[in-house]
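Here's a structure for you.
Labels A, B and C are assigned to the chains in the order they are written; within every chain, residues are numbered from 1.
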Amino acid sequence: MTEKQLTRQQLAAMLLMTDVFALFCLRGGLSAVTAAAFAAACGVQFVLTLPLVVTVRRGRELPRAALWTVLAGLVIWGGGLFDMLWDAAGLIFTVPGNSWTISGRMLTSGLIAAVCVYAASEGRQALARASVIAAALGAVCLAVVAVSAATGSDWHDLTLARSGRGFLGDFTECFAMSGGVSTLILLLPGTKGEPLAGTGVYFAAKGVISAVEILTAALVTGGIMPLVTCPVITAAQLSQPFPTQRIDALFLMIFAIFAVFALAVQTVAAAGALGRLVPQFTRLRSAAVTAAMLGAAFLPISREIRVVGTAVLLLIPLAALAADRTGGRK
Amino acid sequence: MRRLFALLCAAGLLTLPGCSSGRVNDKYYLRSVTITGNRDVSLNMDFFAEELRLTGVSGSSPQDARRHAELLCGRDIFTGYTELVVLGDCDSRAVLEAMLRDWRVSPSCLVVYCSAPDELADSLSAEELTGIVREAVRQGLAPECGLVSVLSGLLRGGAEVPEVCAEGFRGVKKIGST
Amino acid sequence: MRPDELSRIRISPDLEHNITTIQSIAHSSADLLVDRFTAGGVRCALLCCEGMVSTSVITELILEPVTSLPDIGTPDALLRYIQDKLLLSLDRPEVTELDSLFRLMNSGFAVLLIDGLEKAPAFGVQGYPTRGIQEPSGEANIMGAHEGFAESLHLNMSLVRRRLKSPELVMEIITKGGVSRTDLCLCYLQDRVPQELLAHIRRSLGKMKLEAVLSTGYVRPFLEGKGFRIFDSAGTTERPDVLSSKLIEGRVAVLIDGVPYAVVVPRLFCESFQTLDDYAFKPYYVTLIRWIKYAAFLITVLLPAVYTAVVVYHPELLNSTLLMLLVEAEKQAPLSIVTETAGVLLMYEIIREAGIRLPKPVGGAVSIVSGLIIGDAAVQSGLVSTPLLTMTALAVISGFVVPELNPQVTVLRFAFLIAGSTLGLFGISLLACAVLINICATEDFGFPYTAPISPFRLSGMQDTAVRAGFRKMQERDFTVEEYLEK
């Protein structure tokens, strides 16, 4: 049975939830320079996906070797997300009373993985529809958090914020946090409409959301940036719309929802790719892929490897196009 | 298979802690705290809606002192509602950092300085003191002294905070300057 | 004897043999009436079920004209005369085998067996008592009609036909249920219904091999997608005006004989929040009420869980004054908040169920006892605190705003309470994700249950997020096929 196609909004929502979750877990300092660097990096990533757009327009499928590479990248990125979740769980106070302990973190990760497996098992279409709703609600909640954080802050603190990485460092950091491009490579062919518009919408939204989130975090935590582990999380936790009202628990809900969807999107894309590569593998694909991601979380993948990995993934469609052309000339 | 998995999750959830506890009045809710001491900190604690007041609870760090306080009063102490932190002679930056990270104190919690915190506890209640400080800030006599603002200043070399005493508002004091 | 076996037994030319066979198959049932007489010089017998036919109609329209016929001569001539010259009823099928004979007799027809013929005319002379048209009990209305469906299939068909006087309205009758032989009526507008939907429904109903069809619950599972789904993707309605509006949107309805509800396919989640009154008031008022309903749904499902989670695990979300109020109120309560909340919700469900099942004369006692026990004694004794009772009551009352989602709301309320009490807001978020995924996975023959929210259709927001005025809505010419995902 042919799978139904995704809409542009669904594709963008699924990918953006992954990117926003990665931003939540971003460690190290943030500043206005970081926001600019991330926005620039999104622009460059958009340009690098143009070969993918051409591939999709021509209706070409990626060769099996490329598909395996993308699948591997997806599993590793999923593992990276689990790793980020593990680290952030202690800061978010998810499980009451002991979220910073090993057992607490295991419980947090385990529960999210369980929901993620269920979400992926319902299929791509259900996840896509749910992503739009969750992303819209999440955007509203994040806007509330951002506005309440920004209105209570001193704008002078924005000038105090330092990332310590410089523009180039922040630029490459965006690439390190963009493992979701492997998902884009797998899902774009199954999306309705003009692929250029689809990727354009996605990267434009990613650039804007990243910049806004980073600026908000830098504004709120600028004065105490050296003390902060995850600035975005801390900024949300410091949000107070009214003097006597905190809403950091609202952020806890947003974090949990984005974590589930971020991981579920990777799982569903990877399960789909696995199905194409190994058609005999018909059952428990989502569970197998999630287990692989959990295993990949223990791999010692450095930031540099992630940067290079993202760049390589983005270049795969270009390589495939070039191979196509060379093959055609022969 | 899916239903079995869901049932197992539900059964597992039911065994988690939370069902057996879950009484809102099984904690004391901290209203204000006075901190002194460099090597070992000493805390005086005032609570919401309780006659209980703890004085001179010590520990190697604020978190350690808090655990001792919980042992003394026999209940958990919830610090998320803390309205006022009175700093005495102590490492202000380390104390406030610990409060933000470990105690999850509200960012709007007021930070003030007092040279004689023990006298303060006898003369003014937490509610009165908080009101005095808020009024001083509102009238422009004292700078904004929320926890995050003060911590931010301390990271830059020093922060100005309202100074209080047994008679009330005294003035402005720069803390944490090297 | 099974229907397929009965259909192989044909009516024989021997009248007495037919009567003996029929009485034997019916085990000499006391309500089987056999009236022998001579008409036009030919021996005949009129068979019917006592209580199913109108005695006066049979006497005036069948027995008197038929028995007063002059000598016709042959059985064939008698049958021709009756069919061409005597209009004994509007509905006059011909029966050739016993399966149809029994089905018609049990549907209130009278069958005339004629000696010497292998076929028998039947006459629709139904006269069984039925409940008349009454106001629907579950779908109250202020400005619209106060008519609801009744148990008679043909009456229900007429209620719809009166409202949609279009020749495109098609009503197909099919019979389901090996033992009950219940008539089902497929209703649709031929020029609006997606043909794939119709084909799917026919195929799905064809797979139904039940022995009896006694309520909508027997039919709905066959019209819904497979897999565990929390919400029903096939809806029901008790109102002919609501059904007519659904048919105009290209949906298919299934009316069931003996059931005062119609099953409507496909159904969307947002329709649970729409009533016919929405189209009788001004758009701004209706838009406000719609959003109140959405909020009420969230309140009824989430409030007990969120209250428990916040008070136990995230008290910093409350302001200090409110928290101290709760602390004071909970001082006397011997049980944990979770246990209190679960107990009160359970008590409410027991009272609600008792209120439905109790005989009417005793029904008033339920409200007195429940009000006294829960509202007064429990609070005064300190078993339950007042803020908690207030929260739970608010959640319960909010559920009355969307009564058709009551089964799902009840279960979800408890599920979220468990999640919130064990894992706080984190648990509630995870469960909410799972429920959202389940809702989004619900679809009926390709129609997503969450349309037009997801997949998003801006035009659909005219009757979902707001209620646009009719001048604007009339330009849209909406059918449900817009939401079909291909």
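A few notes on this one:
In the analysis below, a contact is a pair of C-beta atoms (placed from the backbone, for glycine too) under 8 Å apart; a residue touches a chain by one contact, two chains touch by 3 or more.
What you see is a predicted model, and the numbers here were worked out from it, not measured in a lab.
Just to note, of A-C and B-C, the chains joined by more C-beta pairs in contact are A-C.
Centroid analysis (C-alpha atoms only) places C farthest from chain A.
If you average the Cα atoms of chain A and of chain B, the two centres end up 36 Å apart.
The mean-CA centres of chain A and chain C are about 45 angstrom from one another, to the nearest whole unit.
Averaged Cα coordinates give chain B a centre that lies 60 Å from the centre of chain C. Each of the following residues of chain B touches two or more other chains: 2, 17-18, 80, 104, 106. Residue numbers of chain A whose C-beta contacts span two or more other chains: 96, 118, 244, 246. Each of the following residues of chain C touches two or more other chains: 312-313, 316, 320, 423-424, 427. Across the interface of their complex, chain B is touched by residues 93, 96-97, 114, 118, 121, 152, 154, 157, 160, 220, 222-224, 226-227, 237-238, 240, 243-244, 246 of chain A. Listed in rising order, the residues of chain A touching chain C in the complex are 4, 7, 9-10, 94-96, 108, 111-112, 115, 118-119, 122-123, 125-127, 129-130, 132-134, 244-250, 252-253, 256-257, 260-261, 264. Across the complex, chain C is touched by residues 2-3, 10, 13-14, 16-25, 29, 31, 48-49, 78, 80-81, 83, 104, 106 of chain B.
Residues of chain C that touch chain B in their complex: 228, 308, 311-313, 315-316, 320, 323-324, 326-328, 330-331, 333, 336-339, 418-419, 421-424, 427. Residues 2, 5-6, 9, 17-18, 80, 97, 100-101, 104, 106-108, 148-149, 151-153, 155-156 of chain B are the ones that touch chain A when the two sit in their complex.
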